[in-house]
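The same chain A turns up in both complexes below, where it pairs with chain B and then with chain C.
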Partner chain A sequence: MKKEWPLWEVFIRSQHGLAHKHVGSTHAPDAEMAIKNARDVYTRRNEGVSIWVVKSADVVASSPGDKEALFEPAQDKIYRHPTFFPVPEEVKHM
Partner chain B sequence: MSEAKIEYLLRLGDSALILGQRVSEWIGHAPIMEEDVALANVALDLIGQARLWFGYAGELEGRGRDEDALAFLREAHEYRNVLLVEQPNGNFADTLVRQFLFDAWHHALLEGLSQSHDPRIAEIAVKALKEVTYHLERSSDWVVRLGDGTEESHRKAQAALDELWTYTGELFAADAIDAELVAQGVAVDPASLREAWLHTVQAVCEAATLTAPPADAWMQSGGKQGRHTEHLGYILAEMQSLPRAHPGARW
Partner chain C sequence: MYAQMVDTGANKVRGLEEMSAQERAFQERIDAGIKIEPKDWMPEAYRKTLIRQISQHAHSEIVGMLPEGNWISRAPSLKRKAILLAKVQDEAGHGLYLYSAAETLGVSRDQLVDELHAGRAKYSSIFNYPTLTWADIGTIGWLVDGAAIMNQIPLCRCSFGPYSRAMIRVCKEESFHQRQGYDLLISLCRDGTAEQKAMAQDALNRWWWPALMMFGPSDAESVHSAQSQAWRIKIFSNDELRQRFVDQTVPQAEYLGLTIPDPDLKWNAERGHYDFGAIDWDEFYNVLKGNGPCNRERLRARRQAWEDGAWVRDAAIAHAEKRAARTAQAA
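Here is the complex of A and B:
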């Protein structure tokens, strides 16, 4: 039997944020306790209004080795950015 | 009239303070880092509640004793905490079962006190209740996981329950102080909390595959009147040594 508790990734939605942001990880025997541990470790200073946890083992990540193939082709395609439209003076805060 | 209220406030404050001090003994020694932080949070909540009860008690008393004087300059026989909270931390199951038995009572008590006719007591109870709701959730979760965990964790949790049970009777025993304040609508009748407490304890024990000892078992008492187990003296010796050696010391 494995003695170590599984690792959980913790996501917190802050007071002003709309999306949950990854803040770190925590060990816990199960999902309920993971929420509680995340609460105790990551929201002590009034950081959050909502918590998500997900088993670290369930996170599928891109490989650092694929970085060039995945991301470099986007670098020279500036036409994908909406920067070619003149913004009228009256429109502020774009 | 306010004599009884001061005594009652000291009972509330002392139980919170002594459990807070006990739980804080785990800091740096908990089984994992997350528990270390969680136990510290609970301890700090309780010590914060004690400060509020002491602050009010000191004001009513009007002898210039502030929260520090009440916490650090009283002897064991002047302490009014229930015996349950001064019991040793033991192993992790001992600590969590003690916490659970206390939290289930504390929660019901604060719910009642939030309706107190004394607005200051009601205000403190409302604030503390939010913290204690979380304490109870957490300690219940732990009791279930320990009881319904491995063979060893089950054995330790059951042993803790059997050992600590004798200190739970005192939680529901009323004396003249309680009676006087209940009549004024200031305090909660301890006996009225018993049913809700038993219900919580039995539900959690069932989920935890633990067996609660008989409700009519022989019970210890005396903490509320200042008759303590030998453990309290050691707790106070550690907690009070610095303020007594260096009166008025500040950070």
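Here is the complex of A and C:
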């Protein structure tokens, strides 16, 4: 019998209050083992306080070809940033 | 280096004007320092070369556990044993980061492992030398991991996103490897007995030249090296990295009171670098061909570990499938 363990994506929350962040992937037969393997591979130096794993096959990603359609509309809306608006000298803090 | 003499499949490096529009756009992204991600279009040769390079690097990390693992049960103190265990565990981790990076290019880890076990994939020549004494463990950390860092720091800036991210992670951990080795040698050379210092000198005598060979033969004329540099999956030439390594290491040997086994080694004030003697490349090619002192033993150990673990891998997947089937039935 020869069947490869499925691949899981690993997300680690480094400290209380921060979001989980993708750190890499690991092979494991099931979710429980995926967490154990992720712990051994990605948290040997106190990198985390919480782990998420998700089957790589279940991740839905945007495709590079859609990049312009998805992200270009944000580029010309500079008024969405506070620095677009001048604050008068006389007004000290805003 | 951990990946030596990687074949790019190129006969010559083509100029932008000789490329198709797609290839040109790809090369221009690389020239602009933009990272290539797995789902982006890439030339087939880039993909293949990266698989070759990253898997060679991964295999080196895994095979590299063997010479050091040899000393875990014989470390002279609990402190040194705990440190060595942690280091060898890191090497396993580094291998795994790298296999994952390679997998983003569309190969599976099992395929890569099969290539290694069939003798089709290479790993670094350095791991085919034996670890005869405890001083070898210090010398490996100092020289072998030191040489690896030289090569891996620039690779943090390489063009392929997953490889670059794996390298950043590896480099953060690798510095511990080098320092623990040097610390071990300080104990032997500065705080130890005359016999202990002699043991360290003997280790340096055996490891110095193989460590210099890790960088690979001069690639100033190599088309593969030129292609890899154009793709930014190699940043500096083998000779540049080797020179840096020698320049950095000589003062460290002096501090230990050890003599580098090279009568031609001499500071060249004009160049601002150390000159060093000729490397025996026949030995290097011989090791690469499979005839180093430990090639057969290393591959045998890897194959046996893989075969002995087969029932565990199979049982784990059978168990997972059975549980999934039960859950599905209950639902």
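Worth pointing out:
By our rule, the second predicted complex is superposed on the first by the 79 of 94 C-alpha atoms of A that agree within 3 Å, B and C clash if a C-alpha of one lies under 4 Å from a C-alpha of the other, contacts with A are read in each partner's own complex, and residues count from 1 in each chain.
One rule holds for everything that comes next: a residue touches a chain if its C-beta (ideal position, glycine included) is under 8 Å from a C-beta of that chain, and two chains touch if they have at least 3 such contacts.
Source: prediction; values computed, not measured.
Shared-chain residue A:Pro29: touches chain B and chain C both. In the superposition on chain A, A:Arg44 makes contact with both chain B and chain C.
The wider contact with chain A, measured as residues touched, comes from C rather than the other of chain B and chain C. Once chain A of one complex is fitted onto chain A of the other, the partner contacts of A:Trp5 extend to both chain B and chain C. In the superposed model, A:Ser63 lies in contact with chain C only, and not with chain B. Looking at the shared chain after the overlay, A:Gly17 reaches neither chain B nor chain C. In the superposition on chain A, the residues of chain A touched by chain B in one structure and by chain C in the other are 5, 26-27, 29-30, 33, 40-41, 44.
Those residues of chain A lying in contact with chain C across their complex are 1-5, 7, 24-27, 29-30, 33, 40-41, 44-45, 61, 63-64.
Note for the complex: chain B touches chain A at residues 32-35, 37-38, 41, 134, 137-138, 141, 145.
Every residue of chain A that touches chain B in the complex is listed here, in rising order: 5, 26-30, 32-33, 36-37, 39-41, 44.
On the side of chain C, the complex with chain A involves touching residues 37, 39-41, 86, 89-90, 93, 96-97, 100, 103, 108-110, 165-166, 169, 173, 313-314, 316-320, 323-324.
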